[in-house]
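In the two complexes that follow, subunit A is the common piece, with subunit B as its partner first and subunit C second.
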Partner chain A sequence: MGEIPVIHCRNLTKKFGPKTVLNNVSFEVYPGIIGLLGPNGAGKSTLIKLILGLDNPTSGDISLFGKTKVELAKIGFMPEAKAIIPSMKGYEFVAYAGELDGLKRTDALRRSHEILDCLGMGESRYRKLGEYSTGMIQKVKLAQALVHDPDLLILDEPTAGLDPPARNQMLDYLTYFARQQGKSIVLSTHLLGDVQTVCDQVVVLNFGVCLASCSLEQLVGNKSDSYLIEVAGNQIDVIAALGEKCLSAQDMGGFTKVFVRCGSSAEINRITSLVLSFGGVIKKFVPLEGNLDDAFFALLDKQRLAGN
Partner chain B sequence: MDNLKAFIQGVRSILAVHLFRAKVGHGLFWVSAGFLLLVASVVVSVSLKNQWNYKTFKPRGQAGLNFKNSTEMIEAGSLILGPNAGVSAICSAIAASGSGLMIQSGFPVFTKNVVFSVLLGFLLPLWCLTFAVEGLGAEREGKTLFWLFSKPVPRSSIYLGKFLAILPWVIIWSLGGFLFLAICAGDSGIIAFNLFWQPIAFACITYASVFFFMGACLPRASLIALAYAFVVETLLGSMPGSLKQLSVAFYARCIMFQKSSDLGVILEQGGGYGDFSQTMAICFMLGIALLFLVAGIFFFGKIELRGQR
Partner chain C sequence: MAVNSLNSFLEYRPWNGLRNPAWMGAFAIMRESLKLIFTRKVFWVVFSLAVLNFLLYFFGQYLFFWVADQQPDGLVRVGGFGRANQNDMMQFLRSVLKMDGSPETFRNFINLQSRGIIVLLVLAGASLLGEDLNQGSLIFYQSKSGGMKNYIGGKFLAASFLVHLFATIPALFLFLEICFIDTWTYLLYNPRLLLGIIGYGFVINLGLVSLLFATVGFFRSTIGLIMCWAGVFFLLPSLCAIMIDRLRLNPVLRILDFWYCVERLGEKCLGASPTLLPGQTDQALNPWFAVASLGFVFTVTSILTMRIYFKQGIES
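And now, the complex of A and B:
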């Protein structure tokens, strides 16, 4: 890509006593929105702590923006836990975070109001955090991560507990800050849909091992040779004739959904002719879109099978 | 230079935010408030019966006359021995001085029974741990510690900022409690408060440092702090010999002992409280406070936040 990687992990290993939480993890990710995926216990939180410099790796190293020394002032972190002070008002809390990030009191207050305006907090910023709904707390947590205008945002489950409209709004904000304001964002989440909606790159962890680190397109694009054909007419003979080209078939009543693999356009033509010659009627013939769920679980299955 | 700037900004910001946000209303707070009311009710009842004096005093473990009865008997003797003017005068003098001592004995009786035993032996450690343990313990439980650590301020500034934020609460709550008990006791209590508020304040600073360290660096800090308060301050602190020197209360008692000696009142013979000068005792208490502060900053800097997200 020719750019300096935002995060570059080299042979990162972290052990707690005999337990290896991260095992020789290596990856590099570039500016954009990066999805950090993995089931519970995959090592995501440990990786975040290492990125933030809150813990030291047992071996290996991490560099952020090409530097091995972590500069926390360049990072905004939104924890998964509530991590608020209920007796503080929204704008006070964000300003407090700004002061801890090194801003002067007056600058911190000004930035607090700016960022809360940007997140549409309105007058509710003057209410105490203890009275906030989950959606508002998530917004304030995002605001405190952004208040000092960091280059890298690390967000741990930012859409957890949000209803669909609030979730979509949060994802819109992330897209805005990444695309319009040039922030790099690490989005650690269990929600594959969120990653597929906003991320450019993904890092998949499981049992402390990095299973994939690539663009989202590369991860889900491995189905680009699969097609869906909706066949009416003589469906049974058509499926028999397709033989091993047919990946699976679903009877839909009046027609059948047939999933086939075609490596080239010549093969697409040959399958079309075959279907027509066996009395089939083609209602639809479309490429299958890549799906992150399938790709993610395929990676986990592959690791499981390799382990067996 | 940048580190120092970040340190100062961290302490200032944390102090400013947390100074007026001490956690009250939690379990330990109500327990300590409950004990204050319990002891205050006993003090009030003693005050109402006018018993802050040597009226009912008699040598420990011995049956027979108490101080008041003895004085009355000597006075009666002086009347019976009326014809013998010399002996009668001596008896009258003894009886008069006994009565005077009885009237003036409120201060030592209150100090010995309430300040030395109940306040320093149990209440003060309990009051101090109420706020000190919660200082960083609450951050741990509220999971804001992980968030604070992600900010570019040194951990030492987080520790110091939070400590300075709870310290006034510890001192105000403890001295306030002492003043409340003193008022309940009347004149004797007020004399004791005026004389002893300084050693109590020094003890508060030391306890705050010890308990804050526990809250920041140990799991289940409240239980450990309560165990410490009971075993070291209550039990060891009241033991004969030099073992009591392990307790913080001992050094506060040394100061009190000497302050009351200056007034001509010897509070407790043979307790070893005269062995340390006031200056030495203050140095010991502040030294312990400093030691735990430095140890806390060191260990807090090494805490691993396992299980926090």
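And now, the complex of A and C:
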């Protein structure tokens, strides 16, 4: 990745009194969509505030696009809190945000309408924010973060409280702005599924410690030798016959999910024959994809065990 | 879903126009804050009362100068109500109503208008500032180019505009009215009065707005503000009256009465004779004590404002 890192944290520590919220956090992330993961109290929000320059680190430093001085005009921030003015209309709020980011009034209004068009807000932009649904508020919050055309978008829980279609739409927007408009996006969320859907890189924090900072692929790991077979029929004998090839099995009522390891296509054929010969019926035989949930919890467990 | 809905996007357009300096954002905050206040009914009610008071003084002064132009000791026709002695009318307008263009005229006028400002700030202060604290909007302002400085500056400008709209600007109109209906020599002979009006306006501005910031930071709701300001504007004066007038304690304790100190400073700015409160037995407070009291209040409220608003923004 020979590019300038979007965010480069070096030995970042933040203490509030005796409590250490971030402990010697170091990582660098590159243009793309970056997932910032961690359970509650992991230090994600503190890290975001340090990136935005709203608070100063106790020690260590951060550079954005290679510069240690934070230029807020280059950053668009979508807070987790509602952070709206209920009596304002949607387009007014976005234009207002643009003005606060240095746009002239007329430019801000024009940009506001453009962005809201882009996000499919239609006529609802003329309604007061107090009358908006959660999905619409999230869109307006995204619009206000984009109105001044920032290079880096920092989104704190952008899909929180959204129903599945609205969530998918929000993730589509993020993909669009990152892939087609070249924005770098930091996505702070609890929803591992969101990260797995759109992110290229991940930073995992827990108890103020950076557990991982790498590409999503690296974190999830290559599991191309693992497969899932759904077996009906004589399931008990099949599992016994598979022996050590069977990694684990889950009884699903009418069928059993069997996770197996096969090194080659010859081995796949052999397992297929074995299942059939013991009276099993194969409903599904698919490669097992890497799972972010497993990788994430494995990291947390590893940290817990290391602590113990 | 994930791919298909992309087709419905209108194209996003990058933007490379010129930007205003970051501090200009404060004016946008001021504008939107004022719009918020102007949509409140309470503003228009209080504003109407303030306009009525202004008209009372405007025509009162006009009447005074008109009567002064009539034959000395002659009878002046008072509408359809009969005739009054010119001297008596002058005396009434000068001594009782104090509508003669003297420093006391402006002191009384600004003091009355200030009551309206206090009511307005108490009832609409929570909309001006408290909503942002309740909605967690401070982080929104903090993440913008001007940051929290713009927010505090913009809100301060908005509240200050209200103070001057109610007190300073109409008082300046009254001053100009005398220049027009009497002679412009009034301006030459009373430059201190002109500066005093502006000065008193700024004293009220600093006092009330800094108090508003700090108290909204604590209470956030209108009910909380009403209780707190009732304490400052009713309880403290009563407490001072009991301590000084009844218990005969040191009159310097009057510095605890915030509003009395503001009025004393205003009198000093305008050069008006000091007024004694009903039942007040001591001399009027030395203006330097009033300065010290207001300086203390301003310092404490400013520190509280910085701590509350910056901390709240970071924590939200």
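Definition applied: the second predicted complex is superposed on the first by the 244 of 308 C-alpha atoms of A that agree within 3 Å, B and C clash if a C-alpha of one lies under 4 Å from a C-alpha of the other, contacts with A are read in each partner's own complex, and residues count from 1 in each chain.
Keep this in mind: a contact is a pair of C-beta atoms (placed from the backbone, for glycine too) under 8 Å apart; a residue touches a chain by one contact, two chains touch by 3 or more.
Quick caveat: nothing in here was measured; it's all calculated off a predicted structure.
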Subunit A as common anchor, with subunit B and subunit C clashing or fitting: clash
Comparison of subunit B and subunit C by subunit A residues contacted: C
Contacts of A:R304 with subunit B and subunit C, given as first, second, both or neither: neither
Which superposed partner A:F16 touches (first subunit B, second subunit C, both, neither): first
Touched partner set for A:S87, first subunit B, second subunit C, both or neither: both
Which of subunit B and subunit C A:C118 touches, first, second, both or neither: second
Partner chain in contact with A:L54 - subunit B first, subunit C second, else both or neither: both
Partner chain in contact with A:F77 - subunit B first, subunit C second, else both or neither: both
Touching partner for A:D149 - first (subunit B), second (subunit C), both, neither: second
First, second, both or neither for A:D101, with subunit B first and subunit C second: both
41-49, 77-85, 95-103 or 293-301: stretch of subunit B that collides with subunit C: 293-301
Overlap of the subunit B and subunit C footprints on subunit A, listed as residue numbers: 49, 52, 54-55, 72-73, 75, 77, 79, 81-85, 87-88, 96-97, 99-102
Complex interface listing, subunit A residues touching subunit B: 16, 45, 49, 52, 54-55, 71-73, 75, 77, 79-85, 87-88, 92, 96-97, 99-102, 156
Contact footprint of subunit C on subunit A as seen in their complex: 49, 52, 54-55, 72-73, 75, 77, 79, 81-88, 96-97, 99-105, 107, 111, 114-115, 117-118, 120, 144, 146, 148-149, 165, 168-169, 171-172, 175-177, 180-181, 197
Residues on subunit B engaged by subunit A in the complex (per definition of touch): 6, 9-10, 13-14, 17, 21, 142-144, 146-153, 304-306, 308-309
Residues of subunit C touching subunit A in the complex: 1-3, 5-6, 8-22, 24-25, 28-29, 32, 36, 39, 131-132, 135-137, 139-147, 150, 313-314, 316
